[in-house]
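To keep things clear, I will list the structure first and then write my remarks on it.
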Amino acid sequence: MNGKYRILLPVLSLTVLLAAVFYLQPRAMSYFGLNLLFNLAVPIALATIAQMMIIMVNDIDLSVGTFVSFVACVTATFLNDAPLLGVAILLASILAYAAIGALIHIRQLPAIVVTLGMSFVWGGLAVLLLPSPGGAAPAWIRTVMTVKPPLVPMAVVACVVIAGLTHLLIMRSSTGTLLRAVGGNAQAVARSGWSVTKLKAGAYALAGFFGVLAGVCLVGLTTSADANIALRYTLLSIAGVILGGGEFTGGRVSPVGAVLGALTLALAGSFLSFMRLSPDWQIGAQGAILILVLAVRLIFSRRGRKWKGAENG
Amino acid sequence: MDNSRLSTVLAIPKRPWFWAFAASAIAYLATLSLTEGRGGGELLSAALTFASFSAIVGLGQMFVITLGPGNVDLSIPATMTLAGTLSLKFMDGAADLILPGLALAIAVGISTGIFNYLLIRLLRIPPIIATLSASFLYQSLAIWWNRGLRIKPPEALADFSTGSIAGLPNLTIIGVLIALLSWVVLERSIFGRWVSAFGQNTRAARLSGIPVETVRAVTYVLSAVLASFTGYLLASFSGGAALNMGTEYLLISIAVVVIGGCSIAGGNSNVPGIWGGALLMFLVVSMLNSYGFGAGVRLIMTGAIIIAIVAAASGKGRSA
Amino acid sequence: MEVATGAGRSMPDVPLVALSGACVHFGAMRALDGVSLTVSPGECVGLMGHNGAGKSTAVNVINGGLTPTEGHVRYGNEDGKHGTGAARARACGIRSVFQELSLCPNLSVLENLRVPHRDLTGFGWRKTAAARIAGALDEIFPGHRIEPGMIVGDLTLAERQMVEIAAGFASGPTPPRLVILDEPTSSLDASIARQLLEHVRRFCAKGGAVIFISHMLGEVFEVASRIDVMKDGKIIASRPASEFTQQGLIDAMGHVAAEKAAARTAVESDQRIGGEVLKTPEGLNARKGEIVGLAGLAGHGQAEALARFFMSRSGKLGRVKDPEVAFVAGDRGRDGVMPLWSILRNLTLTHLPSLTRRGLVDAVAEQALGADWKKRIGIRTDNLDNLILSLSGGNQQKVLFARALASTAPIVVMDDPMRGVDVGTKQEAYDMIRTEAAYGRTFLWYSTETDEVCQCDRVFVFRNGQISAELSGDGITEENILAASFQMQGTGA
């Protein structure tokens, strides 16, 4: 409930997991080790931010994974072969996101289902673009993603920048405040003469924008794409937002927390491979880590929470 | 709101499940028009059979979704897989173990349902994340137990699951019976009242004396039991359990509930619509297949149809 | 009925708002039926009428939320910068503070100001917003302890209402000229309500105008320069406040106020009250047939004590047919009403387990129970199968009363159940409670209004979450309650 405690959990869970990884594999405690650990975290963090934009306005996006896959396919094909057309397609997909947001609000549709439908659409488009894995990453993205800044690896720098910028945009700016207000009390926003439809479309457009960034970055790392490349991002991004202290309703989100949550999830995969766990239990252990971290959340949310009626906070 | 105009237009087919059945009929006729009416019986029988699986898991998901925003069971696929693999390995093809195998499958459902509920209740994890994380555990458990072996179901069970009585597939009969039972529970029983009250306003439900935690626990267990029962049937029907046998039912179970006209905002459920949605999901895919569309177009069309149905069916807006 | 123009007192200035012949129809219902009303600078108009009289509709027409089907609205300060609806009204300095809270609980106090104040953009908007809201809070509620950076969800109900009021009066892109206050004091305790009333008077003296809606007659008489009485969508009387008496006002609204608060006698309550039936860790106790009041300043732990008690004695599957306690909610939307359901289903919810056989609901018995209570408690509807939301607030409240009283629970817990309920319904509810107590029911009754607390046999006064005094019989007086509420407390705010 309380803003102060909200950020503690993601910080703590990331720290603990990082400490565990370093303990198991001391060599990870280096420039290259960190780069390796967090390399794939950048697109996950961006996808989590995209999901957060939707959760911020009390909706949920089940199409993030297929959308990022679609963007990856566009990046590895059109953006590489015909950059202008590629950019146009990506802009159009952001507009499509905005249109979906408007449609959901105007017709009062359940976002969970519309985005479920959209996940089929994006998935289908991705299959049409790249029926089998392939394509190539544009050289400039490769360059950006493999830059080696001094002292701290690119992945960490990128995550700090993403967290900082989205914090400014969502938590500090007046537009971000208005968007969060939609999640908190859309009726009050409408009563003050704002168009909630436009605001929701804006939030969805932001989600589309960050989804595009996630897809482009992903291809920059993997150098090629396939239609199923990011399917698991849907569930990862939802888990990341919640892990980061966000809540499904009420416009309570934290961009910094979301990035930290995404890092934690990315790290959990590396942690398990260092554990030399039997492959049978790899998935299960991810579930267990998720449960464990959320159980710790209980301790934080209990503190400072006043008794405020029935316990369906 | 501006929905009032739309609602007058849409007032004719008032029932929220109308669209699902209407669209199913269109998809069915569109498929048959290609073959000039041949194979209509086979298509119908296949649709009824495969829709049974979606309908049974969909009914479980419906109960959960009726509990209101945030309540959804993402562990359905993993529970199906776990129950399917465990019960088939236990029966090991022996006909006299069919019923104990069923009991085992149900027991798996009860256990996963209780586990899901405990995560939600004791650790206060939002249901979406709780059932998702738990499903990873179930998935691992199934992998570990099964080790990729494909064990055949007892012959009698396989025959039953692919057989039919008077032209109606046995699975359809089971699916319809479960739907009827669910309808009675929702519309006529006190438990149905409580589920609906929970979904409309949990706090008010608690304050009017409803044992809300019992209601929630039973609902999650019910969903898991229906999923595990489906897993048992599906594994028997398809000649063995596979580790990915439940995967497609994650999205289908949710899609079926909403296409069927249940309110995702909670409190409002609709049993006939589940069958309508289940039939539609199958018939659309077979229609697109028979028109020779590739996987990409098929996916796009499926998505577009889901959105179109939902947009048409819930034009009246929420009752907020 | 004659339509009053409302320009009772002539003011030299241009009126801030003028409705002429405004009608609003919702389907067949005429929510507003030819209302003409002007508000001029310096006026404080008390808008009176019981639930469903058309007050909210009139207010929504004035603030641009509704467009009248007939007639029109004119604003005095229209500067040609057109816009429509709510935006147009806002540009003319019309501000509304609504009964139901319209803040965003996830935002901080200053961030909430961003929603109505469109000019808060660009660099430094936070500083401007903080200055505006802090300025208004300091001016209206000196001694408040609200920081602009606090998250609204972490504030108490009273503090939220203070923020909402302050936001209404805060200076912004256009200065507030006419502020509409709809039940502004419903969650405030007496001392803070007083600060507000004083501010309203200052505001009007400086040339602002206020439309004041409250069911607290005392408050209305204290601030209003003119009182407009509404009934059935029309204004039926509009006179300077000094020409009304409290009794006359109630009569005008169409209800006969029953002045029989002291009707119960010591003998009567002696016969009624039996042995102790409950005791809570806070020290709250009650006997069979007793009406026990919980009083004190709003937000001092009364509602929490009731909720804790109710939660500890309910919700067990084994006892649904024979509940120990039943609950009457005051905050209907949050704690009571099932919005998708009919009146009948809402009414029978608590008692329903006793009307089931093998888990199935006996529909005939349910209908009978509903019909019985419709008659007993006087729910104004022609069909119990209508949606609960088709009823007015007061009638919804009756349904919630019936829900609790229809059960067999020997203890009934009431959490400020008369919030926003009209005088007539209140009297009916008082009678009902007394009758039920005579049958041996015990009532735990939290109320923010002293005249309700005075209906009780015994009263516990709460302060800072603890019981500070127990009053009974003739000791239950406003003075004693206030003394116990404020004792040893330097700051009232």
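Think of it as A, B and C in the order they're written, each chain with its own count starting at 1.
The rule is short, and it goes like this: a residue touches a chain if its C-beta (ideal position, glycine included) is under 8 Å from a C-beta of that chain, and two chains touch if they have at least 3 such contacts.
Composition by chain, UniProt nomenclature: A = Probable sugar ABC transporter, permease protein; B = ABC transporter, membrane spanning protein (Sugar).
Note that this is a predicted model, so its numbers are computed, not measured.
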Are the chains arranged, by touching, as a line, ring, star, complete graph, or other?
complete
Which of the chain pairs holds the record for C-beta pairs in contact?
A-B
Indicate the whole-number Å distance between the mean C-alpha point of chain A and the mean C-alpha point of chain C.
43
So, what's the distance in Å between the C-alpha centres of chain B and chain A?
28
Give the residues of chain C that touch two or more other chains, as numbers and ranges in rising order.
311, 335
Going through chain B residue by residue, note those that touch at least 2 other chains and give them in order.
203, 206-207, 212, 263
Scan chain A for residues touching two or more other chains and write them down.
309-310
Spell out the part of chain A that touches chain C in their complex, as residue ranges.
1-3, 172, 174-175, 177-178, 180-181, 183-185, 187-189, 191-194, 250-252, 307, 309-310
Given the complex, residues on chain A that touch chain B span 60, 62, 103, 106-110, 112-114, 116-128, 131, 235, 238-239, 242, 247-249, 278, 280-288, 290-291, 294-295, 297-298, 301, 309-313
Give the list of chain B residues in touch with chain C in this complex.
184, 188-191, 193, 196-197, 200-201, 203-214, 263, 267-268, 319-320
Complex contact set, residues of chain B against chain A:
1-3, 6, 69-70, 72, 74, 119, 123-126, 128-130, 132-137, 139-141, 143-144, 202-203, 206-207, 212, 251, 254-255, 258-259, 263-265, 294-307, 310-311, 314-315, 317-318
In the complex, chain C residues that touch chain A:
65, 83, 85-87, 90, 96, 102-107, 111-112, 114-116, 118, 120-122, 125-126, 151, 153-154, 304, 307-308, 311, 335
